[in-house]
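Just dropping this structure here.
Read from first to last, the chains carry the letters A, B, C, D, E and F; within each, the first residue is number 1.
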């Protein structure tokens, strides 16, 4: 099964990013393909590599970066939502990319599922 | 090929201005409209307030967008459904809304939901 | 003590919770999506009247009402602009229910 | 159609709204703060039973239950882990009520 | 001087883990506790769930913090008030909570609120 | 009257920052002193100068920066909340400063009012 993920909240403040990550991990473990994670609304804040959480906490952005690169998908941040919130190419995680909502439409069209996580 | 056309439903659930979800949702819908998929918009709960007439956002310093819903017709987005109970609970009628909508029962909207390939709540 | 409420009572429990803690004379100010509570003719009219009857003044922020297309508010509700919000804060300590 | 619900029914209208749109056979999966709906003995028990009676299976995400210290869930509710969440998504299109 | 001591009330209103408000609220309280002000914590609505016993967050990958409430005593933060109705509506009793609290009526808590210099909701 | 402001949500996604700004403006216009704006939770995202909203929209961070500098107060971002979310000195607006929660405590103590804006 091919899965797209739409993530609408930033890291830490809401559980959405954690749930999406755990779901993606489990789907990959069961042999499914995560096609892309698309970040929208405050979700674009998952794409900054400037986050520096306490050592004993998870690093949400780094975790997404690693999962994406290990499994051949991109973490895509909507350009309009990113510009509003100060996410740009200079701060982007590895495996991240800034793109348009047309890409989300393609993701919605070409996958078996599009799952939304948010607040 | 018909099988390439996906049914994509956008569910508007939040009041405008208190949060950005409806506004950025509308931006998403306008882009998706160019892809010739089978789009529909459903207004449930406070989402209905996005369609309220006479919104004047000058005083809060935030750009208004209720009139953008009137532009959807030009993008061939014509399926705008409103949940009857949500409308009535808020003391509103179709006359209070900036665009023509189809007022439907929850059971009918629920049936439409089961026919979708993708549903996105805003 | 001025209580501000910024959530729609249709989707969120904040208003019904906050009123349980109101003391006699405490004013309420509705802001942001909270202003939907005072739209004339909606189902929160009885709650608003009961608050008013207990001598709790009820205010709503006019710029937020205007932004949402609400021209008629429930009887007894006073509208204020941001300067009026400041006036209320001059008179009272503030309890912002989020 | 799998309906996921992630909000506490005590503070937010999402659950009571979503059930109005359920079609016969549609499963519900409670995640995140949504899992408070299925804690045994709370006031949403009757609503959960009425959903189950209409042949709508009810699931709750066990890691979210554990995180919130909920060990006993309402009768008829099935707990699943993230792999079980994936199984449900394999079987159904998804409607995530936010 | 007594007049330099401010009454600061923290109102916990959100369930834990679904959002960070309660956790970051607790971080704020721990810092404020060092300033020898008159601090109190009130748990209303879903805020009570933060005190629920037997929370195990290993499965969601988020650090748990319910035990941190047990440390407040060591910081001389001893005023922990719980709204009775919120507790009962959730089918919980004092025995379900990780710390000793004082269960109070909303009217009593409302009275305390009027005596505060600062109230912060988390 | 001396006023402290606690802002708990980021720009654009919630109205909180807009309401806090309009309130601060009005308070200043009436001769009150805004002592500080303290950013907490996602509120720290108000302190990044990387935001680049559409030309016809308000620039929330730039507006705070200007109001602060024109009226002699600081926009203070909690360091722990900032580190989690990737706000650091390199991206900070003029008039912004990263500081600890002790500063918020001082603000709560020394002002006539502390107002909270959030979600």
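Just a few scattered comments:
Everything that follows uses one rule, which is that a contact is a pair of C-beta atoms (placed from the backbone, for glycine too) under 8 Å apart; a residue touches a chain by one contact, two chains touch by 3 or more.
As the structure is a computational prediction, the values presented were derived from the model and not from experiment.
Of all chains, B has its CA centroid at the greatest distance from the CA centroid of subunit E. Of all chains, the one whose mean C-alpha position sits at the greatest distance from that of subunit A is C.
Taken over every residue number at the interface, the positions common to subunit C and subunit D amount to over half, indicating a same-residue contact.
Subunit B and subunit C have centres, each the mean of its CA atoms, that are 28 Å apart. In this assembly, the C-alpha centroid of subunit A lies 25 Å from the C-alpha centroid of subunit D. Mean C-alpha position of subunit C lies 33 Å from that of subunit D. Shared interface positions of subunit C, i.e. residues touching 2 or more other chains, are given as 6, 10-11, 13, 32-33, 63, 81, 93-94, 96, 98.
Along subunit A, residues 8, 12-13, 15, 19, 22, 41, 57, 80, 114, 116, 118-119 each make contact with two or more other chains. Residues of subunit E in contact with two or more other chains: 17-20, 45, 60, 62, 117-119, 121. Taken together, the chains touch in the following pairs: A-B, A-D, A-E, A-F, B-C, B-D, B-F, C-D, C-E, C-F, D-E, E-F. Per the touch definition, subunit A reaches subunit E in the complex via residues 12-15, 18-19, 21-22, 56-58, 119. Taken in their complex, subunit F has these residues touching subunit A: 10-13, 41-42, 45, 48-54, 57, 61, 80, 83-88, 91. Residues of subunit C that touch subunit F in their complex: 6, 31-33, 63, 81-83, 85-87, 89-90, 93-94, 96, 98.
Listing the residues of subunit F that touch subunit E in their complex gives 6, 8, 40-41, 80-81, 100-102, 104-105, 108-109, 114, 116, 118. The touching residues of subunit D, when paired with subunit E in their complex, are 6-8, 10-11, 32-33, 36, 39-43, 62-64, 66-71, 81.
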